[in-house]
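In what follows, subunit A forms one complex with subunit B and a second complex with subunit C.
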Partner chain A sequence: MAHFDPNARPFSHKWLNERLAIDTLEKVLAKEYWIPKNINFLWAMGMVLATTFGLLLISGIFLLMYYIPDTKQAFDSVNHTIMQEVGYGWLWRHIHGVAASIVFLIIYIHMFTGIYYGSYKRGRELIWLSGMLLFVTFSAEAFAGYVLPWGQMSYWAGMVITNLFEGFSSDFLGGHLHFPGLVEWIRGNYVPSQAFLGRFFMLHVVLLPLVIIGLIVLHFGALRIPHVNNQDGEEIDFEAEAEKWKAGLRKESKVIPFKPVFLSKDVFVLGIYLTFFFYLVFYHFEFAMDPVNFDPANPLKTPPHIYPEWYFLWSYEVLRAFPKNPGLIAFGFAQVIFFLLPFLDRSPNVAPANRRGLFKIWFWVLLIDMVGLTILGKLPPVGIYTPFGKAFAYIFIALWLILPFITKAEKPIGGK
Partner chain B sequence: MSDRRDFMGKVLGAWAGLGALGALYAAKRTWDPLPSVKAAGKTVVDVSGAKENELHTELWRGKPVFVMKVSPNDPAHKDKRLVQIGNDKFFVAIGLCTHLGCIPTYFPEKHKFICPCHGGQFNSAGEVLKSPPPKPLVIPPFKVEGTKLVLGEEGEQYKKLKAAGVVA
Partner chain C sequence: MKELKILAVVIFFTGLVYWGVEPYAHSVMHKHVEGHNFVYDGKSDLEVLNEKVEEIKKSMASATDEKTKKAAEEELKKYENKIKDTKAFWAHVEKIAALKGNAANGKNAISACAGCHGIKAAGIKAPTDALTASKTYGVNPPDLSNAGALYDPKFLAAFILDPAHGAFVKKIAMPAGMGGSDQNIADIIAYLKSIAPKEITPKQAFESACGRCHAMRYAKWTQIGTVPKTKPNIKTGQDIEGLKFKEKVAEYQNNLAKYLGKLPPDLSIIIRARSEHYLATFVENPQSHLFGTAMPRVGVTKEAFEKVKTYLEEVGDSSKPKREAVGPWVLGFMIIFTILAYLWYKSQWKGLK
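Up next, the complex of A and B:
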């Protein structure tokens, strides 16, 4: 039988503790959640991402007050009502647009940090997989959101991306992988129209954010038992090290508590990040606002050059480097291959890439290749760009095909 | 007792499963195109005033449809995909690139279409001149009535083209 002190003042610490166990909660979630000391600023990217998601959520709520999901009114509700009439409407829109772009930059930094330090192995596979699910859901969320202002780029991006669901062309494998009906089903019409706008509005403001929040909880949960990795990939006995800390041996202990020690470091990085973020919001928001999307959607006029936002360019370049069917296969490959990383890396070493022989080269080639694909994806598919795009796409695929072999041949580090 | 509980558990599970299936079906149907969309009428185009090598874009079921009187000095003039209306050959096709659905632009002096998205090219009968488009521009169901072209109904010429396997 729980004990409730009849003399406890309502909402006092004791009163709350008896009813919500707030001390236990804080202990389990923060004060006795242990983080290694041997980390650097890249370990703060998780908190940076969570904060950026919070900014998206808050700015999104205000945009939602005036946005109208109607093909005739959507464009003006954004570009006239929100931007010119609503007090500080421009602030929410610019925060939302800049955060939607920057969140992918941080996601890529977060991902490549994980790849560099081997933070997807030895008990951390589910952290990687839930993180990849978050990446995919964020991508869907970004795409759905991009449709909403119903400008030219919104409309034509909607057209091009939903057409991908048609699958392979009708003469490929007897047409069994050709689904023209699926495209119409997704759109609710033959072309993007009211039904399309309505359902992508629903996805963007309700369903996908709910999925993202659920996945964030899973991502944090997956982190709890294996703990975060450290700069040397060292296997730390967290319980023993935590005991040292609690016994006052703070210098000897290899770990620090999340609250308040790690949090103070996190907040410092966050401070630098937010300074940069709001600099962009106030002075350089235009990079996140494509000028083509300031023309209202016109189903009868394709803009001369359609390209996705920068964060999709690398996979877009893999798609368009090939003719339709092989392009679709390569694109599908690019979408799923990162999920398989924990299983394609056959080396037992959890260590930074610079100590892992060939993997070091693999890592940097992958990074440079993806930057190259991103640049080429923005350029029109003419002249010298076409063969370059093809070469970079082949390198991307080849890197993943050789990964199991080079990691299998990798010498174990340490050799206890 | 335990058997009975297991059985009740299974019955409950099956019943809830049925409900879930029903809900899934309802969700699928909610996403279907509405009947009013499906029943979108046919589009009638009068081509009597058409000029040679001048592209017209009509709207049919929300999609652009190219209609053009093909001039006899166009290299594609003999193509079997063209439609005979009176004494003239017409090019009729859905104006969406078969790669990813962008609208190709017509260059009359070159007698060809170039897609702005990924550089695909078509001749003025809709045949592919340059990939990535995997197949010719799609010919929509049509019927010829005098000098009128009815989009959305399958006429004799369309059926012939379909039988020859050149519509899509």
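Up next, the complex of A and C:
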């Protein structure tokens, strides 16, 4: 049993320290959590994401007080009760809607930062993998949330996406991979209806947020031992550099403590981001709140264009570029391939892409290809857009197939 | 500055994606319809018909078998005749519009209208209630008190001359020729103008011009009027008066749906579901967006449309004024926050590099 000072005033520093070790906690998590000095604002995206998730959580809690998961009342509970009758309900909804869209922009920036600087390499594989799990869970969370207002796009997107679970066509491989029953099982009916709405409501407000919170803890935890990467991919002896810092050699040390030095930059980046974010919330929210979804769900009227939210468009285009069966395979490929990045990249070099020969070209082609797929994913598949979509989808797959070969052939940097 | 260069790259790709999936994609997905500033002279009708002709010609060129080709040819003839008709019709309307109407004569002439329409402003009651009227005509004929203020005079001339032609729909309950001679029509229009109120509220504009076909549940509006305040029986919770009203609305809606082919949508938040340009051009000429729709052109003036739009916004986006009031404060706060954060950052990173 530890020693507890009988004279310590309840809730005083000493009292808390004896019971919770708050000094040690602060040291481990903040004051002596070392971050390389050689970083840029892209290293603040983790904090930006955590804050955006916080905004989603808080605004979501407020929305949850008034939202009614009933196919007859859901639409009006959102568009009338929340948007017009509850004080500042509109603000919570706009924050929730805009954050749900922008969070994916930041996730993509965060991902491409990791790819560019090689932050998924040996020692950091679990950071990458837990991050990818977060991406997938966020995607499921976003889809489930999109269903809830029960507008036209909620309904028809729900219809189209759940249809994917039918699997391959019945004439493919003897029909063993054809599961028409699965679609009905997921929906709880032949078409999206009350059971479907209830399930996705549960997923959106309980199960998936819990999984996300757990994964965020894992993602942060995975970061603690390998430490964050830096702009040059330099391998830093964190213990030695930390000693320098503690000795007062602030200029010579290659590291800074998380609190307060790194945090000060994080908060500054956060300030810029939130200014932009709230500009969107008040003045430019249509991109995140599709007008089509302000028409109530109507099972008898298919909208002329059905498309997912922008952040799913690239994989949707990969699906759409092919006929049904190969399309599903390509879609599955697109969903899992990013997970394999640490193992497909065979080069030991941890360095920015622009110093990595062919990988530099690979990185920029991948980025442009995904931007292209995203734009084509929204456009109707007519005329010139169809062959372009096909070409971009083929390029996407080809890029991942050649990745092991070009990285294997990569020259080691710095005699490693 | 390296960080600014990185930021420029991030902004460039973000902007490119935004441009692609928003303005560009929407310009491709949605048909562009040119507005006519609520001038009713048949020009927009001809545009719609010509577009249809082009479409048929295209399908004729790509048709392979004789049967489809022949059907398309017949279709083409039909539309070419329609174009001829439309031109002649609007030339006739121009002639009526050029006549000087006499309101005093119009007062006598309008008695012909009172067989179906009420005119409260002139003390003429509607011959039947809304529900009974809908049984006969499919829709409740409007009270004409506000007509002179809401509808464009040239449109009124066209509508009275031949309602289906004026409203640019296949069928409409009111028959053609009810207005009598050209001078008679001009007199009726002059009379309607003379009795119309000087000032019409946005709510009145909506209810008169749209509200007999479109409900608006967020404003408690039904096609037969505002939902009355009723009280349930305190012992049973049953609200018989309320149920009776609901039954009437249901019957009216069934009649309306039979007349139009479907129930016109509730317009509670149409202001968020469609762009302003879409709403304006759609109201001006529904066929330009939804060819074949049963919705008649209602012929509102530009001012009346603005009023309707104001009401749609009041009901469908009532938090807009608050949004606009709170926005600058939040942004101001964030800017000050960012400046302070910058100063903190600079002080922490001083002498580090």
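Rule of thumb we're sticking to: the second predicted complex is superposed on the first by the 415 of 416 C-alpha atoms of A that agree within 3 Å, B and C clash if a C-alpha of one lies under 4 Å from a C-alpha of the other, contacts with A are read in each partner's own complex, and residues count from 1 in each chain.
In the analysis below, a residue touches a chain if its C-beta (ideal position, glycine included) is under 8 Å from a C-beta of that chain, and two chains touch if they have at least 3 such contacts.
What you see is a predicted model, and the numbers here were worked out from it, not measured in a lab.
Judged by the touch definition given at the top, the superposed model places A:His305 against both subunit B and subunit C. By the document's definition of touching, neither partner reaches A:Tyr394: not subunit B, not subunit C.
Using the contact criterion defined above for the overlaid structures, shared-chain residue A:Asn163 touches subunit B, although it does not reach subunit C.
A count of residues in subunit A touched by subunit B and by subunit C gives the higher number to C. Of the two partner chains, subunit C is the only one that A:Phe294 touches; subunit B does not reach it. Using the contact criterion defined above for the overlaid structures, shared-chain residue A:Arg250 touches subunit C, although it does not reach subunit B. Looking at the shared chain after the overlay, A:Leu42 reaches subunit C, while subunit B stays out of its contact range. In the superposed pair of complexes, A:Ile375 makes contact with subunit C only, with no contact to subunit B. Look at A:Lys265: by the touch rule set out above, it reaches subunit C but stays clear of subunit B. When both complexes are aligned on chain A by C-alpha atoms, subunit A residues 304-305, 380 touch subunit B in the first and subunit C in the second. On the side of subunit C, the complex with subunit A involves touching residues 2-3, 6-7, 10, 13-14, 16-18, 20-22, 24-25, 28-29, 217-218, 265, 268-270, 272-275, 318-319, 322-324, 326-327, 330-331, 334-335, 337-339, 341-342, 344-345, 347-349, 351-353. Looking at the complex, you find that subunit B touches subunit A at residues 31-34, 37, 40, 57, 59, 61-64, 98-103, 105, 116-119, 131-135, 168. The touching residues of subunit A, counted against subunit B in their complex, run 156, 159-160, 163-164, 169-172, 184-191, 193, 195, 199, 299-306, 320, 322-325, 327, 380-382.
The touching residues of subunit A, when paired with subunit C in their complex, are 37, 40-42, 76, 79-80, 83-84, 89-91, 94, 105, 109, 250-251, 256, 260-261, 264-265, 267-268, 270-272, 274-275, 278-279, 281-283, 287, 289, 291-292, 294-295, 304-305, 310, 313, 367, 371, 374-375, 378-380.
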